[in-house]
Amino acid sequence: MPFPDLTHPALGAYRSSVEMPGDFASFWSDTLAQSRAAGGKVEMVPAETSLKLIEAFDVTFPGFDGQPVKGWLLLPKAREGKLPLVVQFIGYGGGRSFPHELLHWAASGYAYFRMDTRGQGSGWSMGATSDPVGTTPSIPGVMTKGVLDKNDYYYRRLFTDGVRAVDMLLDQDFVDAERVAVCGGSQGGGIALAVAGIDRRVKAVMPDVPFLCDYPRAVRTAGRDPYLEIVRFLAQHRDKSAQVFETLRYFDGVNFARQSNAAALFSVALMDDICPPSTVYGAYQAFAGSDKTIVEYEFNNHEGGGPFQDREQMKWLGKRFGMA
Amino acid sequence: MPFPDLTHPALGAYRSSVEMPGDFASFWSDTLAQSRAAGGKVEMVPAETSLKLIEAFDVTFPGFDGQPVKGWLLLPKAREGKLPLVVQFIGYGGGRSFPHELLHWAASGYAYFRMDTRGQGSGWSMGATSDPVGTTPSIPGVMTKGVLDKNDYYYRRLFTDGVRAVDMLLDQDFVDAERVAVCGGSQGGGIALAVAGIDRRVKAVMPDVPFLCDYPRAVRTAGRDPYLEIVRFLAQHRDKSAQVFETLRYFDGVNFARQSNAAALFSVALMDDICPPSTVYGAYQAFAGSDKTIVEYEFNNHEGGGPFQDREQMKWLGKRFGMA
Amino acid sequence: MPFPDLTHPALGAYRSSVEMPGDFASFWSDTLAQSRAAGGKVEMVPAETSLKLIEAFDVTFPGFDGQPVKGWLLLPKAREGKLPLVVQFIGYGGGRSFPHELLHWAASGYAYFRMDTRGQGSGWSMGATSDPVGTTPSIPGVMTKGVLDKNDYYYRRLFTDGVRAVDMLLDQDFVDAERVAVCGGSQGGGIALAVAGIDRRVKAVMPDVPFLCDYPRAVRTAGRDPYLEIVRFLAQHRDKSAQVFETLRYFDGVNFARQSNAAALFSVALMDDICPPSTVYGAYQAFAGSDKTIVEYEFNNHEGGGPFQDREQMKWLGKRFGMA
Amino acid sequence: MPFPDLTHPALGAYRSSVEMPGDFASFWSDTLAQSRAAGGKVEMVPAETSLKLIEAFDVTFPGFDGQPVKGWLLLPKAREGKLPLVVQFIGYGGGRSFPHELLHWAASGYAYFRMDTRGQGSGWSMGATSDPVGTTPSIPGVMTKGVLDKNDYYYRRLFTDGVRAVDMLLDQDFVDAERVAVCGGSQGGGIALAVAGIDRRVKAVMPDVPFLCDYPRAVRTAGRDPYLEIVRFLAQHRDKSAQVFETLRYFDGVNFARQSNAAALFSVALMDDICPPSTVYGAYQAFAGSDKTIVEYEFNNHEGGGPFQDREQMKWLGKRFGMA
Amino acid sequence: MPFPDLTHPALGAYRSSVEMPGDFASFWSDTLAQSRAAGGKVEMVPAETSLKLIEAFDVTFPGFDGQPVKGWLLLPKAREGKLPLVVQFIGYGGGRSFPHELLHWAASGYAYFRMDTRGQGSGWSMGATSDPVGTTPSIPGVMTKGVLDKNDYYYRRLFTDGVRAVDMLLDQDFVDAERVAVCGGSQGGGIALAVAGIDRRVKAVMPDVPFLCDYPRAVRTAGRDPYLEIVRFLAQHRDKSAQVFETLRYFDGVNFARQSNAAALFSVALMDDICPPSTVYGAYQAFAGSDKTIVEYEFNNHEGGGPFQDREQMKWLGKRFGMA
Amino acid sequence: MPFPDLTHPALGAYRSSVEMPGDFASFWSDTLAQSRAAGGKVEMVPAETSLKLIEAFDVTFPGFDGQPVKGWLLLPKAREGKLPLVVQFIGYGGGRSFPHELLHWAASGYAYFRMDTRGQGSGWSMGATSDPVGTTPSIPGVMTKGVLDKNDYYYRRLFTDGVRAVDMLLDQDFVDAERVAVCGGSQGGGIALAVAGIDRRVKAVMPDVPFLCDYPRAVRTAGRDPYLEIVRFLAQHRDKSAQVFETLRYFDGVNFARQSNAAALFSVALMDDICPPSTVYGAYQAFAGSDKTIVEYEFNNHEGGGPFQDREQMKWLGKRFGMA
């Protein structure tokens, strides 16, 4: 049974029932204010590579609470004026790896920043950023780290890192503040949605098969990890279900989508049993920006559109940012 | 091929080649001194249960760096004089759960304490203790949390909690300081070995199919998690192998065994592919105490001796602690 | 797709369509009469344990056709007057194991009897009771043993053992005949339902994630063994489907539930793919007694409520049996 | 690692260390005498088929203790004089199925009898023979049925059925008593070895990838069921290992091989992880008859030589029985 | 969840929505004409076997484009007049194997031909026929070989081989042209449907759990290979979905069924997750011949009715061909 | 057991026993001569991408027998003089995909060509090249396509394509004929070894975890596909083992290694169960060139060194080709 979730027409008709907390906006503005207040230092060190057409920098910037976060910045060596910016976030378990690995945005004339993911960076690619904060009892992985309290939840820190990355990049003179895009696949797409929902300076968001959307449906529909970390947690902490879903409302891509006015290019895979398509549609249909598009891949699982979607993105963003 | 590791006679002849760091003893005495200096408060609150023969207390005590750690204390309601003490540590991923679940030690006349495991307590039973400390990039689970530096490694905190539990219990007037035993299965056995290796007040140690022993062999022999968390970490952090094994020497059950003078009752399962039997033998053969025994279960995997070994323990300890 | 079966509201609305055979009551009263007539001897031998607060007896009693069946009887050493009784039956493949393993009922002041399961007792715990009766061609396991004829079916013998255990216990002077409860998880819950359906002396029944309910739906819904033993049987004996379901009507928890007037505390797990929740609801909704409650565990598979449900049971039964 | 067991040259050099019980021969002659004394009736009813070249009979004959056992007898419709006989036994879990399914021996001019397997006949083909005898606690399947006592063990009954089938067939006037062969794959091969070891009237035995050989090695080498039923039994009945292996000596193909003077054509598959090749070699090397051959299939698992080996058998037996 | 697809009543009510191409008939008549025009030689060489009642011939005949195709022809040695004919096609991955393996049709008085499958014959039985034609990029297996163009598709060649086999057999004087049947299981059933749809000389068709039916539903419903080869192809060739389904319409059992006027005996298994039952019903309901029957096996997966269905076929065909 | 093959010191001491056919060199020179004689046209069409720093060309060139083969050519837009060349071959089942996907060589100043793989290009990335040649009966996949005759074997065509790609590139004026390197991972590494073994113009070869080496050991050691395609083939074609290994000698990386005088940078993963490390060492130790290095990844399976090895290659080749 290749389709693990709704199919059309039920899929297109689906709307998420995630509730928006009354203090959602203030929770995030307070969080951000507190982290900005914490300050911290930005470092950009030229990275050693064999690349001759592209410059690479090893960047450290202050994320949540001023805690240091890493990333790679790639710039076309031959450049003039201010560049449009693409910030990419990374999928679950991965890290920023090496600068030579994802060159197509810089090779297309963009400033490109790949933000590392705190405490992850070990499962399928290597990271270099610590998460210095611990947790109440949790399931291996980050999905239930601090999940009993919205102030302790892991993703509060990670989403804040994402906005602080934009802060840091907008401080650079080579970045054109009118052409800021965020993107990512899976968890990276979830972070991109969050950043675009919190920060109005983001003009375009390109989430691919995004994770971290429509939790109440996702944990009851997904067939594989990481959403099932939450299921396993609740299988032991049998009395904590309400408390957990109360926290998750503050971190749900559906609620971030409701806040965003960026242009959006989503992609979704109809055989995806990690990020079930209805949860992606839940976020897409809730997305408040009027320039929004979704690309469907009927026969794909969580790998989604892969290089086909890269091409879609380069075309779609090029048109909007004058790079076509 | 049911046997995943050496069989006899090679198994009995195996000796671990783990190296003892020169500063092993001072590392642990410094760690302990620092945590004792941090102080902290002990609380014992009667627990609500339906039990009529056994009293249960919900205990909070200061563990590593004074951080609060939970546990259940069970005492026979009808008791006289000082009681022998059994402290049990818990397997990987579990928590202290409820007080009614493991009654045989208290029902046999012992003071019994089940220590919770910081930050775990979600995978197969519920815990209530936080681990407030974060981590460098790591694999889901605790095996690689802070593994790049011996001072940051997760098990530095957990093993210290174990010794601090003994500190707290020896302060209670119902405990007979001459009859202190520690035990546990798998990770619980690893903690028991560590506590018995650090703390000479422990008179008996009963590790069942112990985990956290003979890392260099274990990560190259185990067929299933959690040792393989380290393999997956090194599969990405391809340049960190020496650094990781340098840290692990300070947390290896083989080295703790070399320090201990307690009486010891080990058990080992010859079809165990989680804690390969050679790694258990590695610790057993290195164990310095002269009153030591190992019970073999030829046809068991990691479940080991189960209730058969419970009975062995009750008989063996009863004889040594005058409870037979 | 974590939910293998109906979810609410369809789940709550589901009613089993199992048919009640006209001679159901007489089939069971005849069976019981014949076994009682066969007589047999009761033996209670003190069991060797290290327990000091609880007395344990190794019991042999005459079950179906007078065939000897084993069990452990546990009594609080300090006791006065007649005790309320809890009889527990065991899950599929298990046996009575050792007396020290499940102490919470005796430690709470109950007489507690754990009945062994004939011919099983090898899969996950050890038993000591033979099933001297053979079978027509069958699938490994007991689900299709003698399934072509209701008089030959394995569960005719096992359910009769359960009632005969109550017979034997009510003959003991320490048991209060007005406070008799039966319980069990999975197969144990199915036996408990059967015994409470056959024997009106049972005042309370506590089936957890009960097995052996609503066969026609169960064999078409379960995702894992043991219900699938029946599927595999019918996959070869392609012409025997009607005959098999005719037999199973006499052994269906739904039909036993229709006969019972005990108080009932059910539990069900909504992600259970061994005993699908609709089959549990099938029995629960059919349960004839008016004091009935069901506890749901949304995020659990067949492990169900575990220690949470133990606590529910101790509270619920304590209230009804004056032990709170 | 496709080879689950020894490879050459170690494979060819391997000799089983199974011990021959002193009373092995008398155990079997007593068993047989007792079953022959029990008597019982033979029935041969023409079977309804569409076959025009072959006659089929539905046979019932007295097996162990006179208990009725079924089989199909196939004879070439056009026949003259006495026919050579091939008796085939069936693999684990299967039954005699339908007469039209295995025609090549009858179509080649042999009298062919396929004996049903008591109590099995449900797993992959359908049987019609009951096993009226029960069991001490056992693992699903027949490997541990009655395994604690050689007189109760399941295979005592099944092997006796095999010899009694030969008895019955030699009573028929169409059978040439000088040309009797037995064969079978896996469990069928094990039965064939047993029958040829007990009964000197058998002139040729053709075991393919035989099961039930060299138990002490088999249960420690096999990677899949059914040998592992014994491992699972011993994993719970941790104190019964010696008792179990004491029983198994009386049912070991290696010991039967030591008794046989028939001509033998073995086959073995070097990637077989159900019946590891060393256990087959164990029986082959012990085989006492001087006309013995073994055919190896290097790249096969338990399916062995399949139709290639059928052809080998027809050629090999044809030459010995004058049918080439 | 044992039922991977629709169950009754939805199953019986299902009708396939596969579209019939306007040039379907001409595509196949052109294909056939071209292959007949290519000519080629027929060879029938007596096969070496030990069979005494049945003659076997190793046949080579010209298939698609005159390319040589193999098969076994079996005839009752004792025969008179013209024989009814059964042509069997083989399941996915198999080959014709040896002549002694499937004797029941010949032993029942039929001329029986088992056609080899070009280029397969390696997965579960051995074949001897090449497919000399290559392919555009494809997934391992034949499902996507040449799938981008109906003229290049693998099954164009294989189905044509099937009709050419009938051509060849009708040229033989021992065949009764009024009694020609085709059959097969899985892929063999799909070929049988195709041949019966293309060639009106076929009087009876017996497809068991047929494959290659109702592709648009099949690739979205099947849980296991080989339909999923197409899913995997489209997962990479994300832009080729329309093109692939356009090709498949010319090879869909539903469309062949719409063309056929033979008598038909289908079988279907309701737990079949390789050839989902709705796709079989899709073909059955579309079947144009008026003498049609379907046999259901509720508790079987893709093994279907096995020997039960063999018996159904022998009875059903015997009645229609005067062989009862 | 994470290590599926030999470990050190046995691993380093291992030498392959593959035999070199006497006509190996002439077989390949004849093959090449014939393909060169077949001629064919080269096409280079600018590819549509958004890349601004790199030019991409869609190349078609004549491969084996002049059959058209595709590839992507990437050149730094800003370039001067002749460029060093890197030709990359692709792993099993993949295709050339899109030009934007692997940019690091062109971004480092090299001319970079990624050759498509005939008939594959569907399993994990998309290809565009047909293999117009068919096959004798084979297992799904290409490993047994035509394997019964060295002239028909699939890899004869694919390896020739590789040499013809070098022919085509050396005809371009932007390529420096003194600085030609070939590389690839897994199958790509096997092709690279073959091309470097056939064609002395290749100055550097960088095979990562190479496939297609030391077949006799590989098919008996690998734990996963694709080597096991050969095992499955021989499991059915039980009489073809010698014939298959005779063919494979002509396509074995060990024999190509014996012919090469290029500089070589190998990588090997010690937990690789697809391309077992001993088979890689077999080729490495046989490699005839004197400037050879092997990089080991102890804790990796077939993913090998990943981006770590990319960096090694850029450094190693940069030093040799004056690009550091």
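Just so it is clear, A, B, C, D, E and F label the chains in written order, and each chain counts residues from 1 on its own.
To be clear about the criterion, a residue touches a chain if its C-beta (ideal position, glycine included) is under 8 Å from a C-beta of that chain, and two chains touch if they have at least 3 such contacts.
Every value quoted in this text rests on a predicted model; they were computed, and no experiment measured them.
Between the contact lists of chain A and chain E, the overlap consists of C, F. Which listed pair repeats A-E comes down to matching contact pairs by residue number; over half match for C-E among C-D, C-E or A-B. Interface of chain B with chain F: the two copies contact each other largely through different residue positions, with under half of all numbers used appearing on both sides. Averaging Cα coordinates per chain places chain D and chain F 51 Å apart. In terms of their C-alpha centroids, the spacing between chain D and chain E amounts to 37 Å. For the pair chain C and chain F, the distance between C-alpha centroids works out to 63 Å. Within chain D, residues 125 each touch two or more of the remaining chains. Here the touching chains pair up as A-B, A-C, A-E, A-F, B-C, B-D, B-F, C-D, C-E, D-E, D-F, E-F. On the side of chain C, the complex with chain A involves touching residues 1-3, 271, 297-301, 303, 305-306, 308. Residues 49-54, 76, 78, 97-98, 100-101, 103-104, 106-109, 125, 307, 310-311, 314-315, 318, 323-324 of chain C are the ones that touch chain B when the two sit in their complex.
Across the complex, chain B is touched by residues 93, 95, 119-142, 144, 232-233, 236-237 of chain A. Contact residues of chain B toward chain F in the complex are 4, 219-223, 228, 231, 234-235, 238-239, 241, 273.
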